[in-house]
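The two complexes that follow have chain A in common; it is paired with chain B in the first and with chain C in the second.
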Partner chain A sequence: MTPWAYIPQLFSAGITIGAIYALVGLGFVTIARASQIINFAQGEFVMLGAMITFFLLKGGGLPYPLAALVAVILVVIIGFLLHITVLYPLRKASIPILLMATLGASIFISNTTALVFGTLPRTLPAFLGNQPLQIGGIFIVPQSLFVLGATFLLLISLYLLSHRTLLGKAMEASSTDPLGADLLGISRNLMVFLAFGVSAGMGAIAGIFITPIFYTSYHAGTLIGLKGFVAAVLGGWGKNSGAILGGFVLGVVESLSIAFIPSGYKDAVAFVILLLILYFRPKGILGSPFIDSRRW
Partner chain B sequence: MKGKKGMVLWISFLILISISWATPAYLAEKSPYKIGVNLELTGPWAEVTKTVKMAMVMEVEKINAMGGVDGHPLELVIEDNGFDLGRAAANMTKFSRNKEIVAVVGPFEDNLQATTRAIAEREGITDIIICPSNPMVRSLNQRWSFNIAQSDIIVSQKLVDLCLARGYKKILVFPGNWPLALSLAEYFKRFGEEKGMKVIISKETHKPTDIDMTPQLIKLKPIIESEKVDALYASTGGPPGPIICKNMRTLGIKIPIIGTHAFGFNFIIALGGEAMEGVEFAAGKPVVPYQLDKDDPVRPIVIDFDKRMRARYGVGADQIAGHAHDTIWLIYDALKRCQGKVTRANFRDALENTKGLKSCHGIYNYSPTDHDGLTKRDLVFIRIEGGKFMRIKFPGFE
Partner chain C sequence: MVDTNQKEFRKRDLLYVVPLWLLSLILPDPHLDHLRKESRFRRRDLFYLGGLLLLPLMWPDTHLHHLMVLAGINAILALGLSLFLGYAGQISLGHAAFFGIGVYTTAILTTRYGFPTFVAFWASALVSAALAYLIGKPILKLKGYFLALATLGFGEIFLVIVRESHSLTGGVIGIFGIPWFSLAGFSFDTYLKQYYLTWGVLIGLLLFSKNLIRSKIGRAFLAVATSEDAASTVGIKVAQIKLGAFVIGAAFAGFAGSLFACVMSTANPETFGLNLSVLIIMMVILGGMGNLYGPIAGAIFLTWLVDILGKYQEYSLPIYGLILILLLISFPDGIGTRLNIRLIYLISYFGRKKRREKAEL
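The block that comes next holds the complex of A and B.
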């Protein structure tokens, strides 16, 4: 059997996982656009969204949509708290210190989750059953379509937020031109605070949408966060469209690579692709507002 | 009035004091036998080791309430190794330097037990391992280490029986890329081919951290179709098991799935949902306490243990709790049979001479050449139906 025969099915699997990377990558970009901080606790928001939904659903007996909504709100509050307790006190520190602080927060959140919710892996029921749809020899689970839909809806709402509202523009201004933003009376701390809320909410939504396909556990946030970060850098650090494109490219390349090489090297492929793209196009595929390519 | 109240309080205080003085004095007639417990109480295994700890504490209390071992109470000295190799080794060394400790139980994780087994050999103290062991370590036949869980060999033998009973002729194995899973696959191939089956071990493997096996399974699907494979054997453990089942059904692969004994946990069904329906595997008897044969000598033990677990902790027995139960009763049995004074060497010899001890998982027999204890007769066939474990029986194969 030639490898080409299973390309279509691999491609569709890659699209699903790519949508997940894209969703997580978007969260990274939202905070970066407001503050230039790389929030390594982003993956934990994804994990928390799913974990809290699970316990509201199973332990609290809430209906699924309500449980999901409450979980998103709770995670947004956690996002705000993360800013107030970790990043706001360090606002005068340099970026690498903030980066380490978010890494510390990520370890703290994941271990607290282990203490509160236990270490067993959990999963959520699919929104519309698990019966796969068959389209021209390709099998797709309905949940994948939900993930795709969520990705595009979030992308559109982020686009509207940053291009059509004063708030969104203020958030972006506080990152790209901090001095100018200060002169115009934009409270940069408030903008970063809001960005954490938006990003936490998006992470939680991503977690709730993707968990029915896979599963989540207290340490699942680290890996998914890393992949989302790679996706965001790959597509162009600091661009929403970049995170989406990067996510899909990463997912598809990872999946297709299996047709030609043993699956043990799947994760390595993603990072080799990242290195290659960064060698030749350090700004990422779509270019980055933060990285000045003239230096290369 | 005030004085009277004070008097009553004072007297009750005195009574309390005297009682609390009297109790240890009565128990301390004979010194306790101390057992070191070296477990991953924090980290990824926390949930599993919590069960181990609960079951062990419950059984030790039961033994002590029965009067202990010839009047000597048992005492657990529990240390957390935090899923950390250094701390596991330090705990083991600490236990071995404490002359009061007769034997050590744990740890769980592969590389951690490899280290503590080596320390046990050097220091001359028994190390009882609960988790199924890395075959490379197990095959060292170390003098001081004993395994409680079913070995990869007997699980593979039992699964070959399952395939023969079901009439499967051709099996595709999708192994996890870690020693125990790979060795389960290898033994399955060896025993299967002895019985005339065709076993293909897939070159595609998976890692314990893989959250999506779809790409690997897409590559296996043409093999399944062109080779007309009867069933897929997912030689794995933990979350990858249900993920494989889910992804297979998503891809429209309809052949039966065979699993390992690691499928016999409720959280596996919870993770896999409907995709787990019809999955068959071989596992230890505590998975189905109430479905064991009426004349099974182990049945009353498992049911009694399950009831006590439910009464005390609100959770039933599972395989892991069963291993913990068996560990304590093996220790009790060996201590009772110790010749003369209980020393580490005497205890080891007594444990090695365990013959026909009935406990949750089956009947344990140890010998100088066999430190594994159980045989394939101590496993039962299980099928997942309606989100529950159902025991299945085949004439001639049990």
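The block that comes next holds the complex of A and C.
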């Protein structure tokens, strides 16, 4: 069989993983829209969501939806804690310090998870069984459809949050002009705090939806987080739609690459794309509201 | 740079006053710096040098020697990065990749082609610098987080290539049996000899950096770090200066990598991941950016810390992450800087007053 025969199948797999990159990328964008911080611990939220759900399900014996809900709430609390304990004290620090602090938090979270939950890779049961559906010549796991549905719902609710509520406007304002927002009585720290909660929750949901298809383990978060960031930059840094588009493009390209190059090089594909996009079009496919004005 | 309200004495400073009092005697005096002739060899340098020479002889403990060898290698890495991060003000999360390139160049040249280690030592730096030139040329137009991300991407690509090209690098298994460093028939085969080798190289590179910082190029680094726009208006070619700092940092990493290969006699891709890049940046930040002795102190401190934490096995990495965060929160501009400002100011106030008066005469 030529590699071309696999392409539809790989394409559908790429869409699924792309949805996850999109969700993680959205998490990055949410925080960046409220402040200039880039939270490199974002991938850990994905891993934590899946890990906590697994242990509530297996150890606590909670029903699946309840376990998932509790896990999301716990991860949101962890996100809040991350802001209060690490980023709030460093709110006036320079970029290298913030970068190192979030990377340090990422090391701490992933290795504490290994300590508490063990180092074995874990998986969650699929929501509706593992019987693949056959559509045309492609096999699709039902879980993929759930992943796509969740991405779509989260995107809509995030859009409504940022464009249709006062809170979203306030977040946007504190990002665009911190001083002006302060003068209008918008607490910048509160906005960043809330953004951390929202992005942690999105990460946790992404983790819970993806884990039935891909295993998760304590160190899986870093790479997913980085690729989510690549997705957000690829689509257009600072735009929700950019993160979604970038996530799907990245997922599909990465998945299709398996057909043509040795699979060991798969993880490098995302970073090669990153270097190319940063070199030729740093503002991403859809353009970025941040890059030109702030000269990042 | 020094914020005036940082000079105030706070009650919680008492917590670390006592153990650090001795340190305050040998740390540089921030208020004398601008009065001192820069090129003069100072008493403090003699103190450091004597301490370095005598340290392994006073403690004949092989573990300590090995630790100091690693600290020296890390210090070379941190020194190179400090030119890029501390002086030119750019972030690189891919510095470990240049270290890896140095290690693999030495490993491949010595084991496959039988080159002497001394030749491989220079070749490593050259290959690292050449690659840094090729990589840096396109990506150094980025700034801040995006530069960090791009260099991180380069580091990850390097790791994947090393893991996958089995015929050249031995894949995940790596390369074994790299010979000891030898020069004119003298082989550095014990930890004690390696200690003097590593720190000798470090002192050479330190002198090079000190002169570099005082040269036109070094002043340009500082100008670029302060404001790229202002630097370009006075005729500094910002892109070239950044590229220069990047290439010099990479060459330092190449030297460090070569020494590392000769000391450990193995090359393994797991050594050059993101964790090493994070560690090097932490050394520079904790030592204090824009200071050449800082990264060396930071390297010794963090190498020692990692070694101590290694004893706690599975608890080591969580504690490590926690300590990194705590150090960043309490000393965001470097341990030395904070010490200079708070402690030395407090404790040796009167002594320094006399010295300052003397210097002003």
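Quick note on the criterion: the second predicted complex is superposed on the first by the 290 of 296 C-alpha atoms of A that agree within 3 Å, B and C clash if a C-alpha of one lies under 4 Å from a C-alpha of the other, contacts with A are read in each partner's own complex, and residues count from 1 in each chain.
Criterion: a contact is a pair of C-beta atoms (placed from the backbone, for glycine too) under 8 Å apart; a residue touches a chain by one contact, two chains touch by 3 or more.
If you're wondering where the values come from, they're calculated on a predicted model, not measured in any experiment.
Once the two complexes are laid over each other on the shared chain, residue contacts for A:Y6 go to chain B alone; chain C is not touched. In the overlay built on the shared chain, the residue A:I97 is in contact with chain C alone; chain B does not reach it. In the overlay built on the shared chain, the residue A:P65 is in contact with neither chain B nor chain C. By the touch criterion defined above, A:L275 reaches chain C but does not reach chain B. Touch criterion met: A:A114 reaches chain B and chain C at once. Contact with chain C, but none with chain B, is seen for A:A105 once the two complexes are overlaid on the shared chain. After overlaying the two complexes on the shared chain, residue contacts for A:G264 are found with chain B and with chain C alike. Of the two partner chains placed by the overlay, only chain B lies in contact with A:T123; chain C stays clear of it. In the superposition on chain A, the residues of chain A touched by chain B in one structure and by chain C in the other are 114, 262, 264.
The residues of chain B lying in touch with chain A in their complex are 42-47, 177, 203-207, 209, 211-212, 214-216, 218-219, 221-223, 226, 238-239, 242-243, 246, 249-252, 267, 270-271, 273-275. The residues of chain A lying in touch with chain C in their complex are 38, 85-86, 89-90, 93-97, 99-101, 103-109, 111-112, 114-115, 222, 226, 229-230, 233, 262, 264-265, 267-268, 270-272, 274-275, 278-279, 282, 295-296.
Contact residues on chain A toward chain B in their complex (touch as defined above): 1, 5-6, 9-10, 13-14, 16-17, 114, 118-123, 125, 130, 132, 134, 139, 141, 213-215, 217, 219-220, 223-224, 254-255, 258-259, 262-264, 266. By the touch criterion given at the top, residues 85, 91, 93, 138-139, 142-146, 148-150, 152-154, 156-157, 160-161, 163-164, 274-275, 278, 281-282, 285, 289, 314-315, 317-318, 320-322, 324-325, 328-329, 332 of chain C touch chain A in their complex.
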